[in-house]
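Multiple structures are listed underneath, in structure tokens.
Each of the next two complexes has subunit A plus one more chain, namely subunit B in the first and subunit C in the second.
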Partner chain A sequence: MTDMNATSLDVTRDHYLALTRQRRLYGGLMLLVFVLLLASGFGIANERNAGGFLPGLPQIFDFPAEVVQEAWEKRANMPDHLANAFPALIETINIAAIATLTGGFGAVVLSLLSTRGLAPWPRLIPVFRRIMDLMRAIPEIVTALVLIYVLGGGPVPAAIAIALHTIGALGKLFSEVNENADLKPLEGLASVGATWFQRMVLALLPQVAPNWFSYALLRFEINIRASAILGFVGAGGIGYELKNAISWGQGKFDEAAAVFILLFLSIVFFDQLSSVVRNHLTHGSKKGVSQ
Partner chain B sequence: MTLAADSHTDLRDQAVKLIARKRLFSFALPAVILAYCTYIFFAFDILGLAERARWDNASKMISDAYSYKTVVERNNRRGGIAVSVEGERKGTYDATNYPEWVEVGDDTATIALEQGGSIVIDGDLVRFDVPGFGLIAATQTRTDGVTLNLDTNDLPDWINWSSARVSITTDVARLTLTKTRTEVFVYDYGWELFWFTLDSPYYDQSFAEIFFGPRIDPTRSNPVGAWQDFWNNGMWRHGDTAWALFETVLMAFLGTFGAAMIALPLAFLAARNFAPLLVVRMAARRVFDFLRGVDGLIWTILLSRAFGPGPMTGALAILLTDTGSFGKLFSEALENVDNKQIEGIQSTGAKPLQRYRFGVIPQIVPVLLSQVLYFLESNTRSATIIGAITGGGIGLLLTQAMNTHKDWEEVTYYIVLVVLLVMAMDSFSGWLRRKLIKGD
Partner chain C sequence: MLDVKSLTKRFGSNAAVDNVSFTIDRPMMIGIIGRSGAGKSTFLRIMNRLTDASDGELCFEGRNVLTLTGKDKRDWQSDCAMIFQQFNLVPRMDVVSNVLHGTLGRHSTLTTMFNLYPEAEIHKAIDILDRLGIAEHAAKRAEALSGGQQQRVAIARALMQDPKVILADEPIASLDPMNAQTVMEALRRIHDEDGRMVIANLHTLDTARRYCDRIIGMRDGRVVFDGTPEQLTTGVARDIYGAGADFSEAATSTEIRDHDAVVTEEIRAAEVAL
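Showing the complex of A and B:
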């Protein structure tokens, strides 16, 4: 009896060890394939790049050094340059803000139309979902370039392009939030004869507003970066100033440095602001900001 | 008794105050938003936008996206007729394969139009028969310039005349005549020469003929030859486009996973429960903030100065920005790990590295993996944008095609490909996420 127990234990242990070895082998193989993919990928990318990685590596600090040096030599001009570039920064932030605002409203509408249990026309849910997928999939730069061709340069094409993308991106997140909302308040309101709009505003909005706001704030931060990039391809704002300052080349690098500083500081500022506010929203005010 | 009453009025006061605050808020918020929108309305000059907008550009772009034009052209200095798709050299017909609606003679061409009209080019004379309007005859001579058989003071708005140039635009065709050349643009639906260019023997052959019919090109078997001619199509450049798509995916892949591999060890330094030293923690966090704050745009500019344009530059720009993002996300995930599992491993006598490997990594891998895969999808989009700036991948092709302002069918083609690529990456990363996290 004890003999049999011991052998069955041995068998089990052998089996377990074999299984572990197999798992380890597969894991190792997967890791190896992954590393090979990564290495060969870098090889291909390096080959197709105009300048190679290794020859370029020593030069990586040349351009920053030139910019810093020139900015330092002409440091007396710096306040002027900062003041000159500031309106462009405001424009970039305005583009991001109005795009987040309008895109957020669009996302609220589309997310309500595409959430099961809330949608007024449940049959059309897949249609609205595909619309959101499409809006999310088109990169902002594509919409922006097409709109620049039609509407001319300036902040409006960029704002529309970012807003469209925001509708898609936020709409998906909002509808995930909506799905977790408690339906009982909605049913309660429905039982006293509230319209669809009243149910949404009075029963759903109080439940989901903090999460919506938190996602919208995160999106605002992302949109500031996007709006700076779109400026670079001709949509106005600080990206446009940056492009001009850089294409002038040496002699204007102090202006480029001013734009770099403004862009960096504003991105860091909004990044920190949104993370503080979102922490506040999700963890409550007492816990404070994690540092 | 009085105490209870006090607390009662207290509560009532509080409730009244709360409701008053909420009421204020619910009126103030829309007012603020409205005020901001008004400010934007004037700051962005929305009224001036209607004047600046070029709606003719929009209609040209849209019609060009789903139709193509064939150009019949006569050089008025030297004589001689050429017929080509989109006026491109690679799409020029030769005497063997003219479209059936055009008859080319010796310095003459007869074009039969849809809806019953026709255009005849006969040397320096052009006769345009417009159904429901009549015959328009235009000619050009060196001395008199361009002349018309109509009263030039009373022309319909689709005819545009000056002594140097006349242009007549109808729904199916457009004719322009100048001293140097006579051009007729004939519009038709579709993307002509999408599969094969005119010099390919497979042009105008049906699918069945290529795969099941007799051998068309004696030197190559049909499917191989057809594939080669499709891949090397000189007008649509399918091969180059596929490479560009691959480059874009490559940038996203290298950037995302490279960043994840660099950020993982650094995240331990920034997590409160793994880096007890405040200085180290703060330093690591500031590094992440810096990497994120400089942003992809600036990294792209800096790196393309050192490495030149191309996919490597794009991949490194994504890598640097995302190292910052991943560092922050990973360190937050690390701060939320359950200590009990680590203690359990420790109680068996595990060294610190083993504690991390068996106590921490299994807990955070699902979280990290799902974040990395989310980024992979969004970085495909970023790689398109960065490619447009650094000059690599599909982003470059897209901006090139857009900057010429004429090949909108190619722009449409690239946009469709980009959207399909992003959607494919979205579903691929979703599939991988489910497979790796839920399965196994």
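Showing the complex of A and C:
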């Protein structure tokens, strides 16, 4: 009996050591492949680059330096420029807000339909997943260009384009949050005869709402940038102002600087806001727990 | 050896641990009992430095461990192993890796990141698992094991630290009676064979009486009982738990024993009380 135990322990030992060696080998190989890919990829990229990476490196700051210099020389105009660009900023933020809101609702619906264990029609999960993939795959700017061609320029096509992309991106994140939700409360409500909709609203939502909310806020930030970029293709807002100001040799770099400052401040503002709200959400959920 | 001097921990206005003092002069197995919220867990967490105390001292071998910082603090933590109610293993890593985590205090971040533990330590980890009777699960993921097995992995991780003290926070509260017995016997055996000090928070009185050399009763953050298992009568237990005359241990006992034996025990306890 003791002999048998000793042998089985030896077997366990050898088995585990073999496993460890295998893991280390794979880990080492992975590291090697990674380093080789990085090194060879750098070579290829550098050859194809027009100017070369290393010679171009010192010139990285030439353009920003010129912008800053020109903006500094005309710093007296700054308050005027800020005031002029502010309405455009509001428009940009509005586009982002409406797109995040509508996209968020669409994402909730699609995420519930495409999460295993929650979906009312499990067989259609792949269909809803592919729909979201498609929405994510097409860049906002492409959708916006098509819609601007159809609907004409302005904020509406931009909002629709961003909302479509948001549905795909947030739906994916929401459905990952849903997958980590505890299914026991849902089972509890199913046992009292609740409908699918009641189960989702009363058992799932309280668990996932803070995470959904924080992802939606992150998406809002991203959408502010996206809606600013869409201004370049004629969707209005602060991107349009930026496009007019940033072209080289017009002497409007002071306006461009004003737009950058506004964009930066608004991103900082919404980042701070979202972290305050998120803190509040997590503290709210901790309330009532002793020790 | 261990000297606790007016230890206090306040959360806002209420004190979870309130002016606790006691001395332990040699390695023994100590059970801390008391109802939920009595400050048992907080005390163990303070001792392991997971929570900071508001006031007081906790001297181990003449050194106040509550003021340690940085490397000294981590060294103390590796000398003072902790076992949790919910095991606190890394569920997706294999059992041996979880046990090897006990040596993290001695290795650099880089070597542990790439899983480069010395072979001797891997052998030692498997030996410890064998001692606790779960060596055949060595290569499995921790999450694939039952609760009792996971708790023994947690004990193995604690042993891997080669600690002077083992703290166990409700080690058997999530386990069925059979597994609870295995785990408690493992803890007792570690104390008997290695001479390590074991401090365990316990939920059930019969467990405390059966396995511990000394029992400390806490109520509302204060020590209200400190003595041998024999001194812990039903009357004293009522005081600790703030229960009325209808309190009966047999009603909540989870120990696997004959009913007759429990009755005999109760009669004996009643005699002692008289």
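Note that in this section the second predicted complex is superposed on the first by the 198 of 291 C-alpha atoms of A that agree within 3 Å, B and C clash if a C-alpha of one lies under 4 Å from a C-alpha of the other, contacts with A are read in each partner's own complex, and residues count from 1 in each chain.
Keep this in mind: contacts are C-beta pairs under 8 Å (C-beta built on N, C-alpha and C of every residue); 3 or more make two chains touch, one makes a residue touch a chain.
This is a predicted model, so every value here is computed, not measured.
For subunit A, the partner that touches more of its residues is B, with subunit B and subunit C as the two candidates. In the superposed model, A:Q59 makes contact with subunit B only, not with subunit C. In the superposition on chain A, contact of A:I98 is made with subunit B only, not with subunit C. Of the two partner chains placed by superposition, only subunit B is touched by A:D271; subunit C is not.
Using the contact criterion defined above for the overlaid structures, shared-chain residue A:R24 touches subunit C, although it does not reach subunit B. Once chain A of one complex is fitted onto chain A of the other, the partner contacts of A:Y16 are limited to subunit C, with no touch recorded for subunit B. Of the two partner chains placed around the shared chain by superposition, subunit B is the only one that A:F260 touches, whereas subunit C remains out of contact. Counting contacts by the rule stated earlier, residues 290 of subunit A appear in both its interface with subunit B and its interface with subunit C. Only residues 11, 16, 37, 41-42, 96, 114-116, 119, 122-123, 126, 130, 135-136, 138-139 of subunit C touch subunit A when the two sit together in their complex.
Those residues of subunit B that touch subunit A in the complex are listed here as 33, 36-37, 40, 43-46, 49, 52-55, 57-58, 61, 247, 250-251, 253-254, 257-258, 272, 289, 292-298, 301-303, 305-313, 315, 332, 335, 381, 384-385, 388-389, 391-392, 395, 398-399, 402, 405, 411, 415, 418-419, 422-423, 426. Residue ranges on subunit A touching subunit B, taken from their complex, read 34, 37-38, 41-42, 44-46, 48-53, 56-57, 59-60, 62-64, 91, 94, 97-98, 101, 133-134, 136-142, 145-146, 149-152, 154-156, 159, 225, 228-229, 232-233, 239, 242, 246, 260, 263-264, 267-268, 271-272, 290. The part of subunit A that touches subunit C in the complex is made up of residues 8-9, 12-13, 15-17, 19-20, 23-24, 27, 290-291.
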